[in-house]
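Reviewing the structure listed below.
Per-chain residue numbering starts at 1, and chain names A, B, C, D and E are given in the order in which the chains are listed.
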Amino acid sequence: MSVQETRRAIKPVSPLREAAQMFCRNRPAIFGTVLLSLIVAAVFYGTFISGADPYEIVWAPQAFPGEAENIPLGTDYMGRDILTGLLKGGGPTIAVGLSAALITVVIGISVGAMAGYFGGWADNALMRFTEFFQVLPALLFAMVLVTLFSPTLTTIAIAIGIVSWPQTARLTRAEFLRIRNLEYVTAARAVGAGNNRIIWRVILPNALPPLIVSATLTIGVAILFEAGLSFLGLGDPNTMSWGLMIGANRSYLLDAWWPVTFPGLAIFLTVLAVSLIGDGLNDAFNPKLRQR
Amino acid sequence: HAQDIEPGGSVVVVSTQAPRHLNPAVQSGIATAVPGTQIFASLLKYDENWQPQPYLAESWDVAEDGLSVTITLVEGATFHDGEPITSEDVRFSIMTVRDNHPFQTMFEPVSDVETPDERTAVIKLSKPHPALLLAMSGALLPIIPEHVYGDGQDVQVHPANSAPVGSGPFRLVEFDPGRQITLERYEDFFIEGRPYLDRIVIRIVSDPSSMVLALEAGEADILPFLTASQDIRRLESGEGLAVTNRGYEGIGAINWLAFNTNKAPLDDIRVRQAIAYAIDRDFIVNALHRGVSAPQRGPIVESNPLFNENVEAYDLDLEKATALLDEAGHAPDANGTRFTLTVDYLPGTGEQQQNIAEYLRSQLPKIGIAVEVRASPDFPTWSQRISSFDFDLTMDMVFNWGDPVIGVHRTYLSSNIREGVIWSNTQQYSNDRVDELLEEAAVENDPERRKALYDEFQTIVTDELPVYNINLIPYHTAYDERLGNMPEGIWGLMQSMDEVYWIEQP
Amino acid sequence: MSEPLLKVDDLRVEFDTRHGRVTALDGVSFDLMPAETLGIVGESGCGKSITALSLMGLIPSPPGHVTGGRIEFEGNDIAAMTKRRQRQMRGHDIAMIFQEPMTSLNPVFTIGDQIAEAILLHQDVSRGEARNRSIELLKTVGMPEAERRARAFPHELSGGMRQRVMIAMAISCRPRILIADEPTTALDVTVQAQIFELMRGIQEEFGVAIMLITHDMGAIAEMADRVAVMYAGRIIEEGDADEILDNPLHPYTRGLIGCIPLLGKEARDDGRPPKLAEIPGVVPPLHLLGQGCSFADRCPLVHDRCHREKPLLTGSTHCVACHATQMEAA
Amino acid sequence: MVYLLRRLAFGVLLLAGVVILNFLLIRLAPGDPAAVIAGEMGGASQEVLASIRERYGLDKPLLVQLGIYLSNVVRGDLGESYFFNRPVIDLILSRLGPTILLVMAAQLLAIVLGVFMGVLASLKPQGFLSGFVAVISTVGYAAPVFWTGMMLTILFASIFPILPVEGMSSARFRGGTFDYILNVARHLILPATTLGIIFLAQYARLARAAMIDVLGADYVRTARAKGVPESRVVFKHALRNAVLPILTVAGLQFGNLISGALLVETVFNWPGMGRLAFDSILRRDYPVLLGVLFFSAMMVVLANILTDLSYRLADPRINTEGRS
Amino acid sequence: MSASTKPLLEVRDLAVRFELPKAGLFAPKRHFHAVRGVSFAVPQGRTLGIVGESGSGKTTTAMAAIRLRPADGGQVLLDGRDILKLTQDELRRARRDFQIVFQDPYSSLNPRERVGSIVREPLDLMKVGEPGEERNERVRELFSLVGLRDDQIALFPHQFSGGQRQRVSIARALATNPRLVVCDEPVSALDVAIQAQILNLLRRLQDELGLSYLFISHDLGVVQFICDEIAVMYLGRIVEYAPRADLFRTPRHPYTASLLAAAPSLSRRKSAGYRRVSAVRGDPPSPFNIPPGCAFASRCPNAQTRCREEEPVLRQFGEGRVACHFPLD
């Protein structure tokens, strides 16, 4: 009694692979990926291979890029090599970005998932709590946290995480609200799945694409945040980071543009790469575009 | 030449320093002093040769025994509300400053002020006090109206601190905290025809580059207390601008490295000396500061007549430094590190403080001392750490304030080891001979003998090194060339600008 | 026989997709006579809506392209008209109602405004007059409390009422042709019946020609004079409604009629209705259409030729595009 | 009405929460405010510290201080600045205007220009303009705002010195109201542009997406089927609907705008609340800091309520109570 | 085919209500009664159909009956055991006896899971059979039972057509050998051609496995094809409940009659001059404030004053039961 199939059956492609294909066809996203790979490679080199000390004074202060052979990007107000600073400073910058994004995602998903899945008063309470964090301008709040608890990379990452999770929580909640009413969730319950299984194994994987996109973008936001704090002088002075370079060289801007411009560019390119990838993922996961 | 002067015009002063209020009687510091000295007159002015000049005081007379000073006020001086300035106000001002100003040594010996008549005040001292005249100049002793501040309210938080009734050449029009102070010519100023300017606007700008740009663009006319070398160099070549470092002698701001002399291994003089020998003052002054700042070898500003030329300068000598450390028994480990120290710095003044701290981080490892820079996000954090003795090394910036009694003694007197008080003897340095010398110098009226006492003091403390003096803060003023009579006394802009005028108005 | 009001000839529409360019309409031709009802049936995705949209000039482009064919309205080629005239034709001469009354009305304007807009666009009347007419129209389509409802927003109305609004809007300018793309699929049966009734009434009153797109054979029986059956972008059978329903020639049409569980089918011995006829498999996706007959894979009568060659629509009054049937007939 | 009251009531609760949270946070953090005040006076002894504590009520138990603070806030008294010895409310009010001006100018610029660009781009989703908008929107978003500001400063101070790069008006300025407005407007150009660029990027992207979405909606097809001219389809039928998601985001952006303003004010020496906040953090001027936090939270809450209200005006679907 | 008369599932007086958003801050909580005292029984091996317009509470009734949604009153007896009283654990174990097939074949399968594991999931969760090969074998068996091929086990749902997905759903529902399958409009989202395939499949499975169905639909044609008894719902209540043949031959409730009149039929031809005269006017009233009396009164052609005042109860009339003051005959 089996149904006769169309002879030219549709080739089986897993949704992930399909998304990957979409992604690979997205030129800006590929550009972003290549860019990010280059940046990460450079930062990796700087962090683990190059032995140079970013704090070492190697030449006269504020030497113009290329003024001497070994200082292609010039030196800063102390005579420290900017290229070394960029290579060494990328690690902490990206690390802060990643760990802040991780904190954001962990808090955001937990809160959002609980609120969205259980609904009712749990949702109400959690969302009120979230709103609480949302009405405070994030940078201001982060500044307060960092100053009060002294600026180290850890506190900075935590502060950024603390101020940015609400958005992820809202997104997660919205996705959970949407998905929990879909029939396959009811179906899972009908075959005896418990709350835990439904939250983590059924809903979360389906809510993941927008969350991945948002997490990717959060990395960018966190990097910008770190830079903003450093710019205001609230960075960790014992760890070279791109934001710190900008903040420290800021008052010498009029005399030397390069110590500010290059780290700024580095941040810009990193965030750009990350958001291009985020956009690419968004397009790749977006079912609307996939239907066609 | 007063006849050639055409009065009028306004001047815009830009500064990064936001005053809390405008009453220098209860507040030290540049921020309050600049507007404060325009609003309030002091008894004396000091010229560039450290000589007192009449101002509100027409004449003054120090008694033979040094235990009283008689002041005669100029005639017809009035406060901005029209009330006459009397000897009662002088008495009130001196007492207020004595009891409230953080520089307690200024008027501490004053036991009483007698007021035989409206224009005469006799200051009675419990002991001779050679620093007294200096303490009556500039921002240190503003003459404030008793009928305003004497109303029983706590003068520290008196509302009139922000809306003062002054005695000086300019009166307050608007005080917009943290943003702008607008002053206007006081028509009934006690010096006829002065001030020349109609208006002074002091604008507080957070970003130093903005100030430089404003000056270049002609949006601002005077930029005082400029220390950043690149700004100084840039403005020096600016068209129509003049840059000078004169007028800051009185402040005598010394940039130094302080040691916690109570904490191992810094309790060992040899370790402190080794560090001093490892630091290249020339590099700091010439490379880091591009030659704008002057080296400072001792505790008293080099331009002060009391400075002792012969103190140990600690020129760079890494071998001697390592030898001293070896001698002190600090052997290097496998990595060549003997021990690790943290260095703090006063936040906010990058080139003078943070940069040198960072320089130490790259310099001291050369003699086997690892350095960790500990940043304080803000002044309170730093001051908390230092004043509770929670530090190894710290960069610091301390002002001489003209006479050693006011600005120098506090750092070295063992009686001034006061936990919780910043800019006291936070190094916890204690030397009986130094205490003795300083006490004697404070009451020594004879200049020769006084100098001798201070010479010995300077030799001791540069040998024992509770602090390693690095350089004089290179305060500069940049201003529009067309401004005439820019104040050149030892107090610079912390002095009345009643004589400033536009040679040619912009 | 009178002149056709609308003449569609060899219409061809293509879409750019992930799988390249696919043909959504492949040589569709039909005529629409004044005041008649033409039913178009077929499974989902066979091109019914695309046909309707291309008559309105509303094929979304990109990704769609009308790559061939000719549409004549009262003897004039629509493609040759100015853009302005084309736009005037829309709404004025040809009106359309859609399947989803829930989403077809703009949520931010009142329904009165939306009807009045259609009137103002095509007729030279004042705003007030347009508003009055829209209330009249609402009454015509049986909207209770028309004055009040004219000020309502779409979300305040039920699905049936919204579809009435759509119809009111469509007939606001007395169009010659009304295209109804599955006007009742989203509605409850009792409401469906009312909408059909309304359409019938309007046809009789205004004499419009109706093109009724549906996949519901019952609706065809009740409403249509003529029927065109579509499959994978082509018309595969066309003829009088009775002819098609009683004597379907194409195996697909036969299957389509046989597989509906209709009321009134006689019961078996055990009291249950007989098993339904089945068309095995599914409609092939457009990008996988081959050379031959697109129904070949599902066809019980398939033979070699069907895989090689596309059958043409032949016949005079009852046309069919099927090699097997045509051979039989021959 | 009921809705508005409920929103307001909730907003007040939220603000109370914010105040309590921040009060406790600041007080529990390391650092003695009395020492700070003493430091500002130029150093002081233990006795002075004690008197300062007493003067500012810092010697009372924390919860008592909180209670006093809250009851004062209710009465509109945000306390006195440690640093300036002035009522916090005066300080904040004098800074509120510039910040609102900056934020609003940036927001307006971003929305108008962003939406316009987004709409144009949406009309040809594969076209050049669309690509351009895509590039602009990622680029504008990725550059740190203070860095953009600094680059603009270099550009307009050193290279083409045509625009003021500092302050809100010339210090020297004395003139009539109209001249003053012009003067401020000139000063506003760079800060507002800098701040606007990030948000412009987001609005353009959002508007493009929303318009593409809406232009594919059934009711747009209906409008076209009615014979509505294309320009009217785009700007009347589609844009009205596409504005809704933009409105939502615009409301949510308010907090971010204030954050951005903080940096921009620093770069351009704009005399707003952001700088006050920054300075008070560095001075540990807690009453002012609390006040600024309170006010910025209040601005965000108000902005959210306003957005909600305008959303309700724009979208009739939400308007009916007892929805069906 | 065994036609035992003892009901497998008996639902008594089931009630479900939903909380409505409050009108004001201090307004009382408002409820909306979606299902109001519904009772019915599904005999072993037979099919009960529930028909009614959208929003009449069909889905809610079915969901509450198998506790996928909390009920606010009533009893649901499966083999005499009240499902509504089971603890979570007992319920989980009991679920192997009753399964569900949903309406939308697109949203009822988890798009991130392969269909093989979707069908296997109930086996794993309810610990049916040995893990490993035995369960895999069962999955293959189920696939062939519903007419899918073995090689499709590893595919994802989106790689299937609607009809095939519905087959996967059915396979999942059958995995634990349930006795009752609730079918919530399982064919209304499908094309007619596919609909026929699924309907035939469901009937075949019932015959082969002796299943009982609670079958929900709004299409009378479909109901007639598959159901033995039919309950007609209107605004949360059953208004008529009768064996199939009787219902179609002699509808007793005016609402049922109008449904029948509106149902599609090939015999009503335009060519034959057929004109529909539907007696029912307007839309169903808002379920949020159902008027007193008979809910259908506002649309009923035969309505009298009594209908608007007194709510009729379901009572025996002819072969079936009807809730109408003036039933048709």
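Assume a residue touches a chain if its C-beta (ideal position, glycine included) is under 8 Å from a C-beta of that chain, and two chains touch if they have at least 3 such contacts.
Given the structure is predicted, the values throughout are model-derived calculations rather than measurements.
**Student:** Give me the step distance from chain C to chain D, shortest route via touching chains only.
**Tutor:** 1
**Student:** Using the touch definition up top, find the fewest steps from chain B to chain C.
**Tutor:** Minimal hop count between chain B and chain C: 2.
**Student:** Averaged over CA atoms, how far is the centre of chain A from the centre of chain B? Could you give it in whole Å?
**Tutor:** Roughly 47 Å separates the two chain centres.
**Student:** If you average the CA atoms of chain B and of chain D, how far apart do the two points sit, in angstrom?
**Tutor:** Chain B and chain D have C-alpha centres separated by 40 Å.
**Student:** When the C-alpha atoms of chain A and chain D are each averaged to a single point, how far apart are the two points in Å?
**Tutor:** That gives a centre separation of 23 Å.
**Student:** For chain C, jot down the residues that touch at least 2 other chains.
**Tutor:** 280, 282, in rising order.
**Student:** If a residue has to touch 2 or more other chains to count, which residues of chain A qualify?
**Tutor:** 3, 5, 10, 147, 150, 250, 253-254
**Student:** Which residues belonging to chain B are in contact with no fewer than two other chains?
**Tutor:** 207, 209, 213, 347-348, 377-378, 381
**Student:** Under the definition above, what is the set of chain B residues touching chain D in their complex?
**Tutor:** Interface residues on the chain B side: 10, 12, 14, 18, 20-21, 26-29, 101-103, 154, 156-157, 161-162, 176-180, 201, 203, 205-207, 209-211, 213-214, 217, 219-220, 347-348, 377-381, 383-384, 387, 418, 420-424.
**Student:** Where on chain D is chain A touching in the complex?
**Tutor:** Within the complex, chain D touches chain A at residues 14-15, 17-18, 21-22, 25-26, 29-31, 134, 138-139, 141-147, 150-151, 153-154, 157-158, 252, 255-256, 258-260, 262-263, 266, 274, 277-278, 281-282, 289, 292-293, 296-297, 300-301, 304.
**Student:** Under the touch definition given earlier, write down the residues of chain B that touch chain A in their complex.
**Tutor:** Those in contact with chain A are residues 207-209, 212-213, 228, 230-231, 233-234, 287-288, 290, 347-348, 350-351, 354-355, 358-359, 361-362, 372-375, 377-378, 381.
**Student:** Show which residues of chain A lie in contact with chain B when the two form their complex.
**Tutor:** Answer in residue numbers: 53, 55-57, 60-62, 77-79, 146-147, 150-151, 233-234, 236-238, 248, 250-256.
**Student:** Show which residues of chain C lie in contact with chain E when the two form their complex.
**Tutor:** Listed in rising order, the residues are 37, 43-44, 144, 158, 160-161, 188-194, 196-197, 200, 215-219, 221-225, 240-242, 245, 255-264, 267, 271-273, 275-280, 282-283.
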